[in-house]
Each structure stands twice: as C-alpha cells, then as structure tokens.
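Two complexes, one shared chain (chain A), two partners (chain B, chain C).
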Partner chain A sequence: MEERPSLIAPVATAIVVVAAWWFLVPLLGINPRYLPSLSTVVADGLSIRSDLVAGFWRTFVETALGFLVGSLIGFAVGVVFAYIPILERAFLPILVAAQTIPVIAFGAIVVIWFGNTILAKVVIAFYLSFFPVTVATIRGLETVDRDRENLMRSFGASGRQIFLKLALPTALPLIMVGLKIGVSFSLAGAIVGEFFGDTVGLGVLLIQALYFEQVPRIWVLIVACAILGTIPYALLVLVERRWVWWRAE
Partner chain B sequence: MNLLPVTVALAGLLALWELAIALFRVPGFVLPRPLDIATAVMENPGLYASGMLLTALEAIGGFAAGAALGFGLAVLMVLFRPLERALVPIAIAISSVPSIAFIPLALVWFGLGPVSKVAMAALAVVFVVLLNTLNGLKRPDREAINLLRSFGAGRLGILWRLQLPAAMPAVVTGLRVGLARSTIAVIVAEMLGAYAGIGQIIYQATVQVDALHVWAGVAVATAGSLLLNAVLVAVDRRLVWWS
Partner chain C sequence: MPAEGLLALRNVWKRFHSGGTETVALHDVDFVIEPGQFVTLIGPSGCGKSTLFNIIAGLEEPDGDGSVLFQGQPQRHRDLLGKVSFMPQKDLLFPWRTVLDNAALALEIEGMPRKAARQKAAALFPEFGLQGFEKHYPRQLSGGMRQRVALMRTFLFERELLLLDEPFGALDALTRSMMQRWLLEIWARHRRTVLFITHDIDEAIFLGDRVIVMSARPGTVRCDERVDLPRPRSGEVMLTPQFLDVKRRLLAIVEEESRKTFSASA
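Coming up: the complex of A and B.
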C-alpha cells in the first residue's frame, strides 16, 4: 500500500497562501483589479451570501443529477460494449475521439433544445460524464485475465458470478478514474450551461460579475466553484479508499 | 486497426439521423440534416475557416506556453525537493477549480482579445503536464538511479539519461489530455467574450436561436480539434517512440 502523504506541507502551504493573500496583498499595494485582498473577497462573499448559497445549491443539483444519470448509463453502455466485441470495435474509437473534441460546445445545441431550464444543464452534465465513464468501463473490463475467467468457468461459475466476482472487481479501479474525470466534467458542463442564460447558479453569478467587472466577486465565485468541485471528488476518493482500495493491474 | 466497424458505425449514425428526421418530421430548427449543415459551412467557408484558425492558434499558443511552463516547473521540482513540497499543494488546489471558472477573471485582466484566450489555454494545460511530468520523473526506481550514480553520473546526468526518457510517456499523456482541455478553454472563453473565433460564432448563433449555424460551428470545432489532436499524436509518435 502506498504511504499516506503527510498533511504538514499542504496545511503549511495553505496557511502561508491565506496569510499572504490577506496581509501581503494590501501591503504591497497590488492593484485590486488584479488581486483584491482576501478580506475584501470575504466581505463581498458575505454580502451576497443568500444568492451564493442558492447558486451553489442549484449548480450542485445540476452537477449531481447529470453525473448520476451519466455515470449509470455510461457504466451500462460500457458493460454492453465490452461484452459485444463488434459494438466495441465500432464505437470505442468514436468514444475515444469524442474525448479529444470540445463536446462542451454541443451544450449550445442542448440550450437551443431545452431552453434556459435546469434540464438543459443536467443534460450537458449528463453527456459530459457519460463519455469518460463509458470508456473507463470498457477499458477496465478489457483488462480481465482470460485464464482466471476460464478457471472460474471450469469450476462451474455462472456468467453472473464471473462478472460480479472477477470482471467488476478488476474493472473498478479504472472505473473510479473515469468517475473522477466525469464528475469534474459534469461541473464544468453545468457552469457552461448557466453561461448561456438562467437566473440562479454559480455560472450566472460569474457572468454577472464579469459584466460589472466585479473582481472580488469573481474571486468569491472561483473559491465557491473550487469547493463545489472538491466535495464530490473527495466523496469519490473516500469511496475508493473504503471499497475500491486495490489497484488496477 | 480495423476501420470497417467504425466506418459502418459512423454511416449508421448518419443514416439514423436522416431517418429520424424523415420519420418523425423533425423540423430543421430542432435537428438540421447533416447535408444542410455541410452546406451551411460551405456557403460561408471564410467565416468558419478564419474563426477556427484563430481558435486553433490561440489554443496552440497557450498550450505550448502552458506545457513548457509545467514541464520546466516539474524538472525544477525534482532538482529542488522543497520547491515540490511547497508548490504541489498549490498546484493541486488550483487545478481542482474547474478552469472555466477562471474565464471571467482572464477576460477582465486581459481583455476580449486573443491574450485572454491564450492565458486560459495555458492555465488549462499547465497543471496536467506539471503533475504528469513529476510522476514520470519519479518512475525510475532507486536501484537504477544508484547504479548510474555508482558509475559517476551527477544529478543532471541522471535526470538527462534516465529520468527524462522514463518520464516522456507520462508527459505525452499529459500533453494529449492538456490539448483537449486547452481547446475547450479557448472555445468557452470565446463564447463568453471575444471579437472572433469559432466559440464566438457558436455563441452568436445560439443567441439568435439559429440551430443550423450552431451545428455548423460545432461541426467545424469538432473537425478542427480532431485535426489538432491527430497532429499532436503524430508528433508524439516520432519524438517518443520508446513508450
């Protein structure tokens, strides 16, 4: 097992960065247009706390719904493709190529289809997490050792048993990687969906802060996005440590 | 690789697309026909070509700057370990923020011109390349390093002869992920504020609820990104043949 990284260095770095941002920035007279001091940012965040909480919750719901549906369907499609070779050969290259193109631009089409509704953001978050989870599932199931599969079969294991006791455990570490990529894509998709227009959400607040060039507010929202991105990621890491602690082969 | 199944699948998807429009009488503003999209691009090739060219140049410029910065920082961190302990937590913290959240800041700082797009492309790639390079440089095991040291190799010699070659496959992975992220960052930044570029073309069409030209813009962005990626893959294969 890999040793747990020491927490001292990250914590020390965090303290230094926060202290420098709070005290050094005003002291050095850095133009607040570029970097306002942390006290200004915190004060601005408190002044819009109800909008901030509402926006945070809305964007979180969009991300979570899209990610849940996207990863479930992505997993199911991945399993089907992995077990039907002709489908895999036909669609895996397309799915892989889809990861190199800005699929987020298709969000514009989704917005035209569904308007400025919460559904549009969920759909964008959905398909953005679908691609990496599908590819990770196919890749994970591909790594299953044929000899072990044959061994289990020769002892009379059913297809279902082989899947649950051998294939799935082998694939899970890679699937977890896909899920982590998927959840960060989902969040990005939800925010970009909000850029096209809505009334609630972190993306909406970002656009408003941009139009009025409110730099402290932009920083408030960057921190909010960071927290929103870290929560589901951290949850996945916890799930991984607790239930998927073995490594990919 | 056998291209037949992929070709059949793509043809099948296109046929399904046409069939759905014919069967369900889908209006063009919901789902235009593939041929109409191609025609829309060909009716105004200059607009789409110049938009995509600008987007590609911004993405490549930022990608190159960000990748060089990330690679350089990783090498420095391996040579001076305290730097790694101090900066890696910051790098992980910044990279946990979805990079598109920085777009408004980039636009306020650098204006609506290409500089803000280049900065966003660099931001989107720098940490992926930094963390991947760092992992790659640490890949050679102690024994290999000790062997070189016992033959009198210095720190730079070990870096040059052992660690850098061993790191290149991981660097290449970082570059590929990074290029996709750079293109995305540039296109989304152009949607939010730009004078030109394929993202701005898509955004204008979206605002006018002009589905045909949204599809045209997205199709050009897709083709352009596939081309960029193919170039990167070809360059990688030539330079890093041992992975």
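Coming up: the complex of A and C.
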C-alpha cells in the first residue's frame, strides 16, 4: 500500500532488450529466419497498420468479453461451491476433467455450434478464464478464519453480513490471483478461437503469417499479443494495489 | 422465580463424543454473576475454559441437563448471540479495515450507518489511548494497541455483559500491567458486568470482585472467592498482606488442579 515499487528497473530492462533487438541482432548477423531485427519487424508492422489495429481491437473485445463473463460466472460458481460442499464434490471433478480437454479439440466443437462468429471466440475465452477464477474463489473462501466468523456471529451478524464484511475481503487477494491467470487464459482462448477461421483478429493474422512463412509478420503479432496481454493484466495489478493490498493470512 | 443475577449457569455440562469415546469438558458448572460485578475466572489449561466461554457467548450449546439463564431467561442455542460483548484471546482485527473501522465493526453490524458508527467510535479514541491512529491499519500497531482496538470494538457493542478471554495473555508483563490498570479505570467509569478469563492469578485477584477457580478436566467450579480489596486499586495493592493471603490460598488450589492435569496427561 505505502511502498510503491519503482518503475526504473523494468523500464531500463525493456530499453536494453529493445536496443539489443534493434542493433545487436543485425550486427551479429543472425539469420532473419530465426530472429529478424526489430527495425524489420517495425517496418512490417507499419505496412499492415490498419489490419493490425482492427485485429488488435477485435481480439481485445473477444478477450475482454470472455474474461468479464468468465470471471463473473467463475466467481458465482466458486461462491456456490464454497457454501454448498455437496455441489463442489459433485461438479468440481467434472469441471476439472473438462479443463483437461485440449482447447483445440474443444474449439472445433464450439465453432460448429456457434459458427464463425465473435460469439464462438468469446465462448472459448470464457471457457478458459472461468475455471481459475472458480478455483481461486473456492480456495479464498475456505481461508476464512473461524474465530473471526464467531466474533461476527457474537455481534449478531447475519450470513449476508458475514459474507460481505468478512468472507469476501478475506478471499479477495486469492480471487485477484485467479483473475490474473484468467485474463491471460482468456487471450489465449480468443486467439485459438480465431484460428478456426475468421477475417479479423490477431489470431487470423497469425495463422496467415504462418501459412506464408512471413517471419517478421509473426514477430509483429507476437509483440502485439504481448501488449494486448499486458494491458488487462496491468489494470488488474493496479486494482489490486489500490483496493486489494492486504495479504491472505 | 428468584432473582438470578445477570447471568446464571445451572448444572452446565458439556460432553464431546468422538470415535466412541466420551470426553467430559464441563462437569456441573454452577455460578451466578450479579450485575456490575467484575468476575475473574482462572483454571489450569485444558479445564474447559474456552468451552465455557463459547457457551456464554452463545457459540456452543451446553448439554441438555443444565441451563444458562440471562437476565432470568433460559437461553437455548444461539439465543445469546448478539447479547454478550465478546472479546476472544486474539485481537482478530480485520487487516483491510482502518483502526477506526475495526472499532466500529459491531455498530455497523447492528445497522448503524457507517458515518454515525465512525463518529461514535472516534469519540472513544482518546480514552483508549489511540487518538491519532484512526486512519492506521492494524499491522501498523503494536500488540498492546491492537488489543485496545479489539477491546474498544467490544466496548462499543454495548451489552450488559462483557466477556473477555485472556485479553492480555499475549502481551509482555509491563504492557500487561498497564493494560490491567487502564481496564479498571475504564470499568469504573462505564460499570459493565465483566467476566474475565485468565490463567494469571495476580491478574485475577487484582482485577476481580470475585475469583472463580476451575478444576482440572472435567471442569467444574472448584472455589469461588470474594476479593474485598478496596477500589480504586493501584499496583501497590499486590504487595498488601490481604492480597498475598488470597493469592496463597488460590495458588494452592490452582497448583493442585494443575498437578492433576499434568499427571493425567503424563
């Protein structure tokens, strides 16, 4: 809360990496097939900037929608499981088993169900992001201290008050961990969803670049995906620093 | 029905069953606390103090053969929840709440609007020696201060009976004796009924109008001794012959009971 980690170290590292990529890679004569220099990559990115911006936005929307729905439902399912153990015992193993299905196999079915729509991508992003949030919510609510709960009850607190004033704040640090995992998974889900066919999106550009072996293009898209993944993650970290700064005990 | 004081325990038993064996935690516990009294309760560890504490707080139910009466009314399971100001051994402050909001917790639960609850709690800060710390978080406070915040939270839950379970048990000796004197001052001003659980004989005699000594398990009331030391009491009182006399008698009983616990577990 009070100690604000300095940004100097990470920014300095980023500058060093960018500089090395820009100058060192051509200087060392590295085969561009393995790693093109950053200048080549930037030039390629600029040449397709309108497609890139449209694709970035589209994938961002899919990721955000999938993550929002996934985290809301994941949280709700987690709460229900935490308070009704019989449901957890009945359904959690099925969810775990479902999560082990490779997303590629699952994605094919989703595209057959929903067609090549944005909805199909959102559903895949949702599917990948809700599970970590569910598990984090269950584990977070399990850490609620019995003594504190008894204290609340002795003050005459209702179940609702115990949930809002004690259980939820206790669980929030772990739920934040689940959300950070969920948002990364959501991006992966959206990109994989786009592999099954669409016209706009970073995943679409990526699969095209793969077919035509446009190596600099692939690197453009890797950087774009990294930026797209970092933004929501950074937002969550800010939320955490500002509102969920206490640690689980 | 005759006057039953503020709290009356009548033939209270508590037996726990696990795997076919029965453990008797409390065995025919019987005592009455009069309104305004400061009663301390001591006993060897494992004598069922916490079980008794939970029963009086309404968190556990005694077995069917006894009864707990509060203001003359028999109490069933959970009836006592919300009727007794309860302070457990650990401070149990909420790390995400400021000191002020921790103190106001019980008021909020009672339905007081947050602003009014904060105002009411803030008024007590000088008396509890916490002025200027309203906006701090619990982890920024020392153990003694945290304990005072917890006590303030309990105090603000204005009930006739205050139930304190070794509130100073985790403090160093010096802080502890300061807190004891300070608690007596607060009590003199607010005059609530107090049941104070401790395992420190000096503390029990110094604070109490009455000291109840529990026996080794199964816990029952081994003796119930009036302490007629004049009030207000200062630290000096611990050196008077009268104090030492009471201490000598209680010490003999507590030691005898502790030995039983020790040989039973050895």
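Worth a mention:
Basically, the second predicted complex is superposed on the first by the 226 of 249 C-alpha atoms of A that agree within 3 Å, B and C clash if a C-alpha of one lies under 4 Å from a C-alpha of the other, contacts with A are read in each partner's own complex, and residues count from 1 in each chain.
Just so we're on the same page, contacts are C-beta pairs under 8 Å (C-beta built on N, C-alpha and C of every residue); 3 or more make two chains touch, one makes a residue touch a chain.
Everything quoted here is computed from the prediction, not taken from an experiment.
When the two structures are aligned on the shared chain, A:246 is found in touch with chain C, with no touch to chain B. When both complexes are overlaid on chain A, the residue A:207 reaches chain B alone and has no touch with chain C.
Partner contacting the larger number of chain A residues, of chain B and chain C: B.
Once chain A of one complex is fitted onto chain A of the other, the partner contacts of A:9 are limited to chain B, with no touch recorded for chain C. By the touch criterion defined above, A:95 reaches neither chain B nor chain C. Touch criterion met: A:153 reaches chain C, while chain B stays clear of it.
When both complexes are overlaid on chain A, the residue A:122 reaches neither chain B nor chain C. When the two structures are aligned on the shared chain, A:176 is found in touch with neither chain B nor chain C.
Per the touch definition, chain B reaches chain A in the complex via residues 1-2, 5-6, 8-10, 29-30, 85-87, 89-90, 93, 96-105, 107-109, 176, 179-180, 183-184, 187-188, 191-193, 199, 202-203, 205-206, 209, 211, 214-215, 217-218, 221-222, 225-226, 229. Within the complex, the chain A residues that touch chain C are 1, 145, 147-148, 150-157, 161, 165-166, 169, 246-247, 249.
Of all residues in chain C, only 54, 57-59, 81-82, 84, 86, 88, 90, 92, 94-96, 105-106, 108-110, 137, 157 touch chain A in the complex they form. Within the complex, the chain A residues that touch chain B are 9-10, 13-14, 17, 33-34, 86, 89-91, 93-94, 97, 99-102, 104-106, 108-109, 111-113, 184, 187-188, 191-192, 195-196, 202, 206-207, 209-210, 213, 215, 218-219, 221-222, 225-226, 229-230, 233.
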